[in-house]
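In what comes next, subunit A is part of two complexes: it sits with subunit B in the first one and with subunit C in the second one.
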Partner chain A sequence: MIEIILIALAPIIGGLIYGLERVVRARMQNRKGPPILQPFYDMLKLIDKQAFIVNPYHSILGIMHFVTLWVVVAFVILGQNLLYVVFLHLLSALFLIIAGFSVKSIYSHIGANRELQAMIAYEPILIMTAVGFYMINGSFDISIIRESSPLLLSLPLVFLAFLMIIPIKLKKSPFDATEAHQEIVGGVEIEYSGIFFEFLYMSKWLEYVFIYLLLILFAGNSQILGAVLSVGVFLLVNLVDNSTARIKMKHLIKIVLGIGLTLSMINLIGLSYV
Partner chain B sequence: MFDFKPIRKKSPWILHYNAGSCNGCDIEILACLSPKYDIERFGVINTGNPKQSDVFLVTGPVTFRSRERLIELYTQMPEPKVVMAVGSCTCTGGVFRDMYNVEDGLDRYIPVDVYVPGCASSPELIIDGLVKALEILESKTKEIEKPFKLFRNETNKDGVVNRRNSALKVGEEIDDEEN
Partner chain C sequence: MTTYSILIIAPLFFALAVLIGGLRVRNILTVVFVLVLAGASLINIFVETSTLQTSLSHSFHNLFILLDSLVLIYFLWQGIIKKHNFVTFFALLQMMLYAAVVFFSPSTTSSDILIDNISSIMYLVINIVGGTIIVYALGYIESEKFSRFKKNGFIALLFFFLSVMNFIVSTNNIEIFFLLFELTTLCSYILIAYRGDEISNENALKALWMNQIGGLAILIALIVSITQYDTVYFDMLISSINELYLLPIVFLAIAAFVKGASIPFDKWLLGAMVAPTPVSAILHSATMVKIAPYLMLKLAPAMSGFVSVTITLIGTFVFFSASLLALSKDYFKEILGLSTIALLALMMALAAIGTDEAITACLVLIVFHSISKALLFLQAGILEKSFNLKYVNDINGLINHSPLVVFFIVVGFASLTLPPFGAFVAKFMAIESIANEISNNPLYALALIFIALGSVFLTLLYFKVLTKLLAKDVSQEKEVHVHIPKLFTIPSFILLFLLIIGIYVIFEKEFLSSVQIFVPMILISVVPLLFATLLFKKAHRVKEYYCGEKEEVQLNMYYFDIPRNYKKVITAVAIVLIFILILGAML
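This part shows the complex of A and B:
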């Protein structure tokens, strides 16, 4: 029962995280910042706005991106197979990329291209994380992973690699070249407006829930460690976001694949000899 | 039915366009977004994307070259929307009035809701203007407002729509033979 309530409230929880994050980021920059319910005001305003439809498939693919992401979050909460979750998440990202290529806007094309390149960077590390969990527990089931002892102790390097892909997924500096608000004006989301942009805006919130739920898996059955991890990573990601500049797509792939994949490989190879 | 109108003024997303300004007003607008004045506390985001914005901030006296982009951006913004003319040049043409390359202010081309004077207008004045603009935004309907000068038809050459010279100059009449 509690799972169903959590699944139904997942976008709202994500919206609260996003609102809190905007306040925290403002306080770090010595500003007052918007109210914590600001994402919901934005959402209600976007319902009321006039919507332009560039082509029907573009709009429908945006909605499908949101729905698939919600299904992914639901599977994580219900404790399904982690490998399946990773690949379903890949599908939701693919919908957005196809939507980006379905319009004529050049910015949308560049955004979709960069989204594909970012996928090359973060997808192997997500799979490596799943494989790491499998090597310890002998199962990809999230419900079994949740009951094991804290995995952070045996997967420290995989955890570091996972930390590197959080800014890519959450569109944060230094790895936010996929969105790049000042250069390509949001990339794939540029042609969305009104209620269709709202689905993209809300899928951003679901992305927060998804990433933090995966992060808590590293804590295993220890709830205190899970709380410490999520709060600590939340502050760390925002601190890094405020203090670094955006890097190029080429360097993003080099850094994330070069360092992240190597770290997680070393960890997994070491694990297989223990 | 839930009434969305009071929500509108809680999340104004702005689009900033420089129609030939000297950058003075642009810097003041950016100063508004900086930690000292921080208009993000009203929910303002500088989107840079016309399809997702509510408030159109225009600076500069609208030069001859910038007028087509101005109207293009204005028509791409979804209703309801408000237009703010920031700076003396944008309100009336300022010191550039009656020059050959300047169109004498924003209201010759698109309907303006709030005029913010000053050369350059101070951040406090811009915030006052924004608060006034949000009151107007609340009372707006979703009816489409048309720009004044977009009269000429688009020319279609080899299947490519050409929007060059789609906006007329001030005082220019439509040539019937051309269309």
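This part shows the complex of A and C:
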């Protein structure tokens, strides 16, 4: 029962995290920042706006991106197979990418292409993470991973690799070239407006829920560690976001894959000797 | 008469029957023949569930030796008249070794024919997917400017190819296997050279000499097997194999690498694109290259330790490299070709791991790859014939005038990457089976990285190609209506149907849970439905936002510049790995 409530509330929880984040980030910059509920005020305003669309396919694919992401989050909450979840998440990303390519807009195309490239960076790391969990528990099932003892101790390097992909998924500096507001005007988002943009906006919130749900898997059955991890990483990601500049896609891929894959490979090989 | 003999012998008669007769008769006959073959392969898998073994009479063996000599003489003759030194050299070398093999061939016998589950599955792939491509070829070949006899010959040759393929997956005798291996080389040689122009001849000769290396590897394996194990039969070789002396297995594996166009032997398959598209379709999906994973599956029980790890590493490395190299290509068929090379290498890697799960993954991948690739190549053919398009970048606004073709291509690509399709299941099981092995040997961690990277590169590749297909041309006001012949679309629908059946099989065999199958299936199938129904009539239509720029833009597909020396490095690494494999097995 609690799972169903959690699934239903997932976008709202994501929205709250997003709102909180804006406050925390503002405080780090010595600003006051918007109220925590600001994302929801934005939402109400967006719903009220007149609908403009470029073509129906584009809008439908945007909505499908949101729906699929919600399903992904539901699968995680229900404790499904982690590797499967990683690939289902790929489907949601691909909906957005196809949407980006379905309009004849430069910024949208560049954005969609960057999303594709970002996939090269985070997808292998997600797979390696899943395999790391598998090697310890002998199963990809999230429900089983949640019941094991804290995994952070046996997968420290995989954890570091996973940390590196969080900014990519959450569109945070230095790895936010996929969205890059000042440069490609939001990339894929640019051609969406009004209610249709709202779906994209909510997808972003779901992405938060997805990433933090994966993050607390590293804590295994320890809820305290889970809480410490999520708060710590939340602060860390925002600190890094505030203090770094955006880097190019090329460098993003090289850095994340170069360091992330090496770290996780060392970790996995290490596991095989223990 | 048992079904296997029907599957082997009937296509030979079919080939003769379609040679004569006019267009209409030939078309009707072909469709009937394809139905017969498909039916026979289905009967085989449902009725004859037990393993079947028989031997062929002595006169058959003599006939095979005669045929083999003729094929080798033909190769030599082609080498001499086309003045191609490699071909001549390899033909001569093969003749000498073959003579030795025939001379020293031991008298111990086992069954010549051995049909197990793997053979039955291969029959399905060969006859149903291959047959569908033949039906497609009926329409395709009519649009070419050749004489009636040459056109009929094309169809006849495809039937002959199916016969050879059906035989090669039924045999247990390595000598017969060698003959059939050479016959597939011969078929591909003739098919690639079919157009008869300069490039075709050149590429056909390339395919010939490269595949002859494979033949050579089998002969070496035979000689080693005769001297060390005193047998020319797969089952005897595998059951009596000594873990310290795996050389025959290694050479057979190299033959598989050649047939599977694995880097460094990749050039021949890419060169095969000059042939009419049904040839590419049939080479890439149902026949020829599928010998490679089949052979690996056959050898899998005999592989152990070093050989198994090294072949897995080579396979996964090629999977990764071929996917990477494909990123810089623009020619649609070349993109498909490189992705075939990549996936074949993955199949071979999986077979070499040899655990039950890996072998199932390999079989699933063989079946679904052939369906998806056939579907994609058929679309490549339609693009060429109906739209005169070869390069992805020339495709503009295809979705405006032919949404059906776009739909098939999207399905083809999606079925290679996404749940709940078979290729996805195979990838899923591949990762799981490799993850199981890491604790035995840390080198598998490297293989895992290759798989993770390779699969994401392939996804990137497929969806980058979609850029050009999906971009709607808004400025084009009038509807361009291009007529696509029924013989082109019906086979595509059949393949689509096969993909859906495949999902059902996955459900039946419980490779995925029902939630894991139905949720993505609903998500994917709801999209076209929404496209058709949701039009957002009330919403205002706007043009794209150009940030104040007035110029209209022409958007092209993205390229990823892969430096030239990468290709050299990759080839060098692959060659070194193969040498390590041979040396390691010798020591």
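Definition applied: the second predicted complex is superposed on the first by the 274 of 274 C-alpha atoms of A that agree within 3 Å, B and C clash if a C-alpha of one lies under 4 Å from a C-alpha of the other, contacts with A are read in each partner's own complex, and residues count from 1 in each chain.
We adopt the following convention: a residue touches a chain if its C-beta (ideal position, glycine included) is under 8 Å from a C-beta of that chain, and two chains touch if they have at least 3 such contacts.
Everything numeric in this text was worked out from a predicted model, so none of it was measured.
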Partner chain in contact with A:Phe197 - subunit B first, subunit C second, else both or neither = first
Max touched-residue count on subunit A (subunit B vs subunit C) belongs to chain C
Q: Have a look at where A:Arg27 lands relative to subunit B and subunit C in the superposition and call it first, second, both or neither.
A: neither
- Task: Quick one: classify A:Ala51 as touching subunit B (first), subunit C (second), both or neither.
- Result: both
Subunit B versus subunit C as contact partner of A:His251, first or second or both or neither
neither
With the two structures laid over each other on chain A, which partner does A:Leu91 touch: subunit B (first), subunit C (second), both, or neither?
-> second
Exercise. For A:Phe140, is the partner it touches subunit B (first), subunit C (second), both, or none of the two (neither)?
Worked result: second
Would you sort A:Ile269 into first (subunit B), second (subunit C), both or neither based on which partner it touches? second
Check: subunit A residues flagged as touching subunit B and also subunit C 50-52, 185, 190-191
The subunit B residues in contact with subunit A across the complex are 4-5, 7-8, 10-11, 13, 35, 38, 40-43, 47-49, 51-52, 54, 76, 78-80, 142
Contacts from subunit A onto subunit C in the complex sit at residues 50-57, 59-61, 64, 67-68, 71, 75, 80-81, 83-84, 87-88, 90-91, 94, 97-98, 101-109, 112-113, 116-117, 119-120, 123-124, 127-128, 130-131, 134-135, 140, 185, 190-191, 257, 261, 265, 268-269, 271-273
Note: in the complex, subunit C contacts subunit A through residues 417-419, 424, 427-428, 431-432, 435, 438-442, 445-446, 448-449, 452-453, 455-457, 459-460, 463-464, 466-467, 470-474, 512, 515-516, 519-520, 523-524, 526-527, 530-531, 534-536, 538-547, 553, 555, 558
The residues of subunit A that touch subunit B in their complex are 22, 26, 29-35, 38, 41-42, 44-45, 47-52, 181-182, 185-186, 190-194, 197
